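So that you can tell them apart, the chains are marked A, B, C and D in the order they are listed, and the count of residues begins at 1 in each.
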């Protein structure tokens, strides 16, 4: 393997990791604050991506408008299912919410396919050639995807650390009883949380759709990698989710020359396992979720 | 109709074995295993490969159970180190790795081409259609045995200890028992049951391929357990039957709402399963059979 | 139309359900005046992009046959189930079709896994199975000659790819295969045929479905500097691979199977990317009246040309074959008698016919016919597999233009 | 009376713990609830603040019925709570721990004033609370609880996790509260030291009040000595 190949693999891995980072962030936020693994995360992405396609098909050719439409749809579906399902399950065992979220995933996806069918869709975006730096190829789209992912993450971190509602989210994640005892009204905070989660999913779904294709199984298939990224980084840690996702992306791409494209997924899990054996709560995990 | 019901019954009973195994792991011991399908697959492929290699069915079944239980050993050890959510994802990942291995190791499993022509059970007896009835009967017996074993375990001092682990691990350590060994044993026992279920599955469907062992199977087993009620043996029975009614019953719903196309019906079916899950967890959290949790 | 018949008969059937299930298995010919066909198209799962179109095509075929007064004095009756592209779900669905609906044929299984799992059931029940699967094992496991394959085997596709690559003078082929039976089957079929010709495949890669990017896989292939890449792929992954290849700017030719390189792919990528791509498919009779009629009906039903779904025309041909065979076998023929007539109406040595009514007319005049299908010329070999000629299409300005026909 | 607790019964995790507790706290009064381990002291504190899911009986605060009100509304009504051990947000900085409290009028000034009251926190404002010592955490918890200008603070074992040398420090903090118009309901295992700074006290045993009265009287009562034989450090 030459240095050029290595660079290309690193780029691919980073981009794939950043794509996974957004749903992983959404997962880890819900895990940290609402305290259950939300299996519907992927399907929120799918619904939002289709909403983006819908905006484009409706006549607005601009990818920017499509993105806004997707974010609105993502936030809406996320809030609807919170108000209907997850709010009712607060205070129950996490596994109840987990199973309900599998139900939400099925329900959301089936409602989607009922109306839009099973055909694949693609975003209408002009194709541009890669920039070639002596064999190291960089796709402008990839750069946009990476930039967008990084901007979204920066915004999320600003929200969590610089705004009152973000601080309250972190407080609830840290110690829900104490948060209540401080007078933090979790209803309002959770509503914002789910809106943010929906928007993150939507962005992730959009970017995945731009990079690949939009199909009804888009998000569901991303669920396991996103879970792995969250776990690797440590549950409830946003930084961890991003680092975990990028690490898994790079590790699996770098392993391709050695184990082939099929086992690269297994390599990602092997890495996960190794990390967990050394650090049972992931890279950035703290014992804050003691149950 | 009867033969169809027998077939549905066989699949339901296979899911029941899986659910009983998971119920032992989660319902009684609190071990979150999201890799049920891995042990199911291991049992299925073990028995299929052995019989295709000329082994008789009975020893193949036994080996399937043993192999599934042995593979569960290291995962059981892992469960000692990891807390719930981490264990859930690790087992989920493990099941995907098992599927990938089945897919890639073509010298053994034929990979994505799959294993066709796995011998049916009781075919050599030459009893034709009654072979499936016999399969059903054996499955009923196996489930009864599993339930009996389970009830025996629950009522034994050992079983009370297991449930104590679920409720308070420290307390068990305090009375001088080693919960770690029990946890691993329970994990292996439940996985062995999944292996047995896999063997039945292999010899009923007669064709195995890696894409039959997606995490969706695991989710179905969880759904069956939750709907039936965790921590209850009757819950596993009721849950897997209800799951089957949902998955298969919608075929007949199709005949009564003819204005819906088959494509739409597929969506409607999935929507109903999803809706049932949502409503069950909200309005009947204890499951059909109630629960002490 | 077919819907209405279905409902009425379902009601009737369920009324006499208890009685029916007590009857011996082969008694249904007397109890029903229709020929019952079950469909097991992949409505959901991996085959879902094709499943509903396949089912639609079967419905179009059934409507055509029934509109022409039925076949062999009987109308066709449809019972639709979703095969879910899952062997276990398909087994239960097949059991239901066989035991509850008493179907005499099952049409439209797609993935080889589903076909391989359903075959033992149809063989045991003595009914006809018609599929669009590619796995070679299907040929040999069908012991009763009741299984008919409307899709060329993966080996045949691979061999056709090899002939095309040789004709165009390419020397350094590489393969990329989707990791399923059909994808790998195509790539390996090509490799086998190519190496038999004394050639060498410079690189091959098998990739996983549902990835956001195939750059790494592509990079591996392109590193071997191939002059042509042969794929066993589908539309979604081909979309991603070709887009990334185009953006990388490396010069190489592509040969794709027809189910991947179709108008949907052109629409997804735009004309520029797919320019010059070679799409290989079994030759359909695009110019025949029957194909045009199917295309029109299909467009009306789905809003898309039938060329977007190769399996749709295969499924349509299933109905035509069975109907013509029923016509040839005469009134009240058993399943076995109908089955025995399939080769007779579809294989050469008769007058070529392109539609059911045309064939029915000739049969009534006691003439031999040779149905030429919408999907291929439809000649079955001793395994019940089609041996089609392959059309070589080159995408030019967004249109699939046929350049050549290859016989193997 | 500021707080009136009337025949409160409550269970935790399925087991009944409180069997009808009646007590009250007056304005600017320090009231200690003492008792052995498992007597139900912390459960009582949780019942008052609203963190106990199953409660029967009546809890009145400043003439208002609190029964059935969620925690957030009780805080808004003028209660504050410092839980045992997990009393600060470990992953938030010291400053964030204070800023996170909602509905504080003129928050910046009030935070500044609290920091003046607890100068030890000042150099550590940007540090995560997890890096604080037990005593510092307790100070932070006090500062946070007092931000909302409560009229009654419920303290759950404020000295539980502290080194013996710090215990008196905490009691010194408590004793200053009435001067700021804050009454205190303190659950404490170190009965003697707590009663020494209290106006009145209640002794809980197995979910019931077994002794009540002015702190000085309780300290002198030998029934208490009997109850506490061996458990006083």
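Definition applied: contacts are C-beta pairs under 8 Å (C-beta built on N, C-alpha and C of every residue); 3 or more make two chains touch, one makes a residue touch a chain.
Everything numeric here is computed off the predicted structure, so don't read it as measured data.
Among the other chains, the CA centroid farthest from that of chain B is the one of D.
No other pair of chains shares as many C-beta contacts as A-B. Once the centre of each chain is set as its mean CA position, chain B and chain C turn out to be 34 Å apart. Between the CA-based centres of chain B and chain D the separation comes to 50 Å, rounded to the whole angstrom.
Separation between the centroids of chain A and chain D, computed from CA atoms only, is 41 Å. Each chain gets a centre from the mean of its Cα atoms; for chain A and chain B, those two points are 30 Å apart. Counting partner chains per residue, chain C shows two or more touched chains at residues 43-44, 51-52, 179. In chain D, no residue touches at least two other chains.
Shown for chain B are the residues in touch with two or more other chains, namely 103, 263, 266, 269-270. Chain-to-chain contact here is organised irregularly, matching neither a line nor a ring nor a star, and falling short of all pairs touching. Contacting chain pairs in the structure are A-B, A-C, A-D, B-C.
The part of chain D that touches chain A in the complex is made up of residues 49, 51, 53, 70-72, 75-76, 81, 83, 86-92, 96, 99-103, 130, 144, 148. Across the complex, chain C meets chain A through its residues 43-44, 48-49, 51-52, 179, 205-213, 215-217, 219-220, 223, 235-236, 239-240, 243-244, 246-249, 264, 267-270, 272-273. Every residue of chain C that touches chain B in the complex is listed here, in rising order: 3, 6-7, 10, 14, 17-18, 20-21, 39, 41, 43-44, 46, 51-52, 55, 80-82, 84-89, 91-93, 95-96, 98-100, 112-113, 116-117, 120, 135, 137, 141, 179-181, 183-185. On the side of chain A, the complex with chain C involves touching residues 5, 8-9, 12, 15-16, 19, 117-120, 122, 127-130, 132, 137, 139, 141, 208, 211-213, 215-217, 221, 253, 256-257, 260-262, 265. Residue ranges of chain A in contact with chain D, taken from their complex: 91, 164, 167-168, 170-171, 173-175, 177-186, 286, 288.
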